[in-house]
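Submitted below is the structure of interest, expressed as structure tokens.
Just so it is clear, A, B, C and D label the chains in written order, and each chain counts residues from 1 on its own.
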Amino acid sequence: MSGWEIFEVWVIAFFTLSLFSFMYKDNPFYKVAEHIFAGLSAGYYVGLIWESVIVQQLWDPMMGGDWWLVFPGILGFLMFARFFPKVSWVSRTPLAFVMGVTAGIFIISQLHGLVLPQMQATMGVVDDVNGFWDFLLATVVVVGVISTLIYFYFSKEHTGALGVTAKVGIWFIMISFGAHFGYTVMGRVSLLIGRVQFLVEDWVGSFSYIF
Amino acid sequence: MEFWKRIEGIDRRWIYLIVGIAVIVPFLLPIPFPISITPEAQMLYDHIESLPDSVTVMLVFDYYPSTIAECEPMARSALHQFWRKDCKIITLSNIPLGGPSMAETVTREIAPEYNKVYGEDYVNLGYKANYVAVLSGMGTSIRSIFPTDNSGTNLDDIPMMDSVFNYEQVSFIFEVADNATADYWVSIVNAQYGVPMGCGTTAVSAPKYYAFVGSGQFVGLLGGMKGAAEYELLVEKPGNAVIGMGAQSMVHLLIIALVILGNIGFFMLGKHRRRVS
Amino acid sequence: MKTSFPVAVAFLTGMALVVSFFFREGTLVGDLSKNLKIWLTIVGGFTLLLGVVSITRVNWAGVKRQKSGWGYKLLTLVSIFVMAIPSILPASWSPLFGRAEGSIYDWLFTYLDSPMMATMFATLAFYIASAAYRAFRARTVESTILLLVATIVMLWRVPMGEAFLNLFPGDLPGFLNAFVMNGANLAVQRGIIIGAALGAASMSLRIILGIERTYMGKG
Amino acid sequence: MIKSSDMARKALLWAIVVGPLFLVTIVTAQDSIDTSIAGDSLASAAATVVDSLDSLAAEMANVEDTAPPAEDTTEAAVVAESSFRYDRINAAILVLVFSAAILIFTRWARQGKELFLRKIPGLEAVEEAVGRATEMGRPVLYVPGIAELDEIETIAGISILGRVAKITAQYETPLMVPVRYPLVLAAGQEVVEQAYIEMGKKDAYDKDMVRYVAGEQFAFTANVNGYMMRERPATNIYMGAFFAESLLLAETGNAAGSIQIAGTARPEQLPFFIAACDYTLMGEELYAASAYLSKEPIMLGGLKGQDFVKMLIVIGIVIGVILVALGYGDSYMQLFQSV
């Protein structure tokens, strides 16, 4: 390990431990890390957008003859009108453009890309039923989908048959959330393992070079 | 009673300390355990195996550096499997923070093992803002969205891209994601362009994506570090995910113990009779 | 003018995309969406920059007025500039500029930014343990179901726990995979996906038609 | 007068329901006559109801191709027909039915028709919790999620914020709204200012109530957590899109002794909010909440329209399951094929 590499490992270790220290109590180390963290991530966007959007997608093609890209460029600039109270309303136009295009993509992608196939797949489970267990599974899926949809039905009070279905729905939902919780625990622990792997192997490992 | 009251009111920092110990100990005293393969991981592996050799595939790095522990082993294993089959790999990312550079690091590290050359066997397109536009735009033309690769080389100057224009030339997409971008790969790319897809995701998102495996929109699924460990075993390249399983076991058991302890206290103190709304 | 023009823009662009979905590529209408999507990446890029300007202004105001803790705010400002300025200078001037490997930008990202992100995620493991102990109580039928399933899934997803589950008669892990993950969980996710898709589509529709204007501040 | 227009509404609704069902019947019936077309029944369905579809296609083509009429109209029509994607007609129908339902209900709501929404448990808690903050003389922390403004949950979060700001304005309780995106900042500021003006408390409004904190997820979280431990707000409200930071926020808030109310549509985060918060709105309840609290016709109408389509989907699934179980479902399932 070179001196520089040891320095790098210690930088990472310093910020890792500073952030962990918050669990004991708020302290100046944590505050330093927190504020540097906020600044760096803001600065990150500048470099990223500069190169991948402004240079590659706007400037270069425009120089290459796609002059009409000047329009989205101007639209983008108008966003900054936000910061000048008198003309801040101007920024609504680029915003509306972003919202309009996104909304257009969304309507289609949600209804066509999600609703239709998920409906089809729900009916499909009944198709390949082969034996008792398949039948049971298909029942679970169909009842689960319908009762979940009913649980989120707001137009009627949940009483009578609707209430029973909604009750079944909330049980199903809790099973699913339980599974989610289990999986999430797994994920977070994995990330902790990643950090500990670093601290134990790299950081503690670097001690032998120094001491 | 007094005991349970004290247990109940314990400072949370003691719990943090116990967790810390539980995660460090297995690194010092490793305990090996057999890892079984879930059908979803097997399906993903089998589908990739069944692809014709040397087709073009996409490997998408849609995860932040913060979830490297879970996601990177998946991307690595996928590279091994793809390159053993001589596939041409397009990597890209919808993650502004770190996605492109992680793709760069991982591919460059594994490429020499299979004698793969940048530009001929793999290309890194990098990142563009607004994933919705990126995903659907590539359906018409990859070049309209990514005129150059990550380092600024024109796509027309990259030999591998000579015959690749849009999703029609892509045989398979492997999405490694730690966020909702995977939803849009399904609802836009798979639904509108019909490219078969597999997904590796964090344990947090995995339960949600079972719905997409069931509907055939994903050919298979890797969930979290366990999924990554399974895939590592399938491609016979055990790595960090397999190693981490020991600590994983310890902390899971600890948390289960805490849940049980907490609930015993809850009932001993008779709090369950006061229904909290 | 101040609102009706933006509303018209949202309407036209949104409608163009919806309609073009139903036309083949290569036709006038079919290709309209392609161009609009390129425009979107450009305009979208600018909105990200807005945030940077905003955070700079907020922190600068704090430093100027020397409000308590202004030293930390100064730290934020310095971090922004140290990260941003070298990244937009041409790499041909110095290998430290630009965004390639070896640049200041890349170094700060690799050795400060990403470890900090990973650490924040990792602290969640501690918080989960504490939440599991204090908050996960079998208060009602619903929370009991949640608890039981969570515990069993946690056991199942690690080799040690799986070995334990296999001690019981019947194929418990197989059952979990088939009926919990691919059964109940899949069904609920499907229900939620459909419901949420309707919600998102409805909001999108109202944005296109100019009924929903929260995004312009008209709440 | 009112009665006859009511009838017209009912008729329109029925047309929406019966239309697609009619199509389904035709397809299924035709399939039983000629089994060879089963695989391609969608195209044949389109052929069967060719009149209606053609007019629809022409209509859709006309919406965009406003230029051609001056030229040769027949040629324009031919181009429009061949370039229209008939294979996506099912999506077109879904989009039309959906849009119609939302619009009709919104219209009814605007006309002042009484639209019923069931009570959402825990929603009253919002008002109570803000009241508690006032009593304690401590601030209310409101986080409208960490997603951009183009996320529907964020919009719901912002519109609930408008409601909460009215209450804090009324009692002059300090309000803190940290945001992660500049567009959310702009929208949030306008909504809060509007609320303070409406309550006649313009002087109490401070632009810094809504503030941009950081663009990165965890930098944002670290900052908000720091705020919670230092200022100890009495009430924390989280409404919008949340990701991994959900538990970080909720646990820290819990440690700071705040009352917490959360709402998000992200299923993967809900277990944590349920565990660590006092009240949680799940999934679509978040959207319903913003409609419920605001009582605005556009929100109510949208929600009712969604509910209506949701019922159609349930019915559609039930019919499908029955048909498939009886072995007649192939062509029905084809109706839902997305290409």
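A few remarks follow.
Here is the rule we use: a contact is a pair of C-beta atoms (placed from the backbone, for glycine too) under 8 Å apart; a residue touches a chain by one contact, two chains touch by 3 or more.
Quick caveat, the model's predicted, so the values are computed rather than measured.
The chains in contact with subunit B and with subunit C alike are A, D. Distance from the centre of subunit B peaks at D, each centre being the average of the chain's Cα atoms. The pair of chains sharing the greatest count of C-beta contacts is A-C. Rounded to whole angstrom, the centroid-to-centroid distance between subunit B and subunit D, based on C-alpha atoms, equals 29 Å. A straight line joining the Cα centres of subunit A and subunit D is 18 Å long. Distance between subunit C and subunit D, defined via averaged C-alpha coordinates, is recorded as 18 Å.
The distance from the centre of subunit A to the centre of subunit B, with each centre set as the mean of the Cα atoms, comes to 13 Å.
Touching of two or more other chains is recorded for residues 88, 91, 95, 98, 149-150, 182-183, 186, 213-219, 222, 244, 267-268, 271-272, 274-275, 283-284, 303, 310, 313, 338 of subunit D.
Residue positions 15-16, 18, 21, 33, 37-38, 40-41, 44-45, 47-48, 50-53, 55, 109, 113, 116-118, 120-121, 123-126, 128, 130, 132, 134, 136, 143, 146-147, 150-151, 154, 157-158, 181-182, 185-186, 188-190, 192-195, 198, 200-201, 203-205, 215-216 of subunit C are each in touch with at least two other chains.
Residue positions of subunit A with contacts to 2 or more other chains are 19, 22-23, 31, 33-34, 37-38, 40-42, 44-45, 48-49, 52-53, 57, 82, 95, 98-99, 101-103, 105-108, 110-115, 117-122, 124, 141-142, 145-146, 149, 152, 173, 176-181, 183-186, 188-189, 191-192, 194-196. Only residues 13, 16, 19, 23-24, 27, 66-70, 96-97, 126-129, 132-133, 136, 147-148, 152, 183-184, 186-188, 190-192, 202-204, 206-208, 211, 214-217, 223-226, 240, 244, 247-248, 251-252, 255 of subunit B touch subunit A when the two sit together in their complex. Put simply, subunit B touches subunit D in their complex at residues 12, 64, 66, 97, 179, 191-192, 194, 204-205, 207-208. For subunit A in complex with subunit C, the residues that touch the partner chain are 8, 11-12, 15-16, 19-20, 22-23, 31-54, 57-58, 69, 71-73, 75-77, 79-80, 82-83, 89, 92-108, 110-112, 114-115, 118-119, 121-122, 133, 136-137, 140-149, 151-152, 169-186, 188-189, 191-192, 194-196, 198.
Of all residues in subunit B, only 12, 15-16, 18-20, 23, 31, 33-36, 38-39, 64-69, 96-98, 101, 104, 128-130, 132-134, 136-137, 140-141, 144-145, 151, 203, 207-208, 210-211, 213-215, 224, 226, 245, 248-249, 251-256, 258-259, 261-263, 266, 271-272, 275-276 touch subunit C in the complex they form. Chain contact summary for the complex, subunit D toward subunit C: residues 60-61, 63-65, 79, 83-85, 88, 91-92, 95, 98-99, 102-103, 106, 148-150, 152, 155, 158-159, 161-162, 181-183, 185-187, 189-191, 194-195, 211-219, 221-222, 244, 247-248, 250-251, 254, 265, 267, 271-272, 274-276, 283-284, 287, 298, 302-303, 305-306, 309-310, 313.
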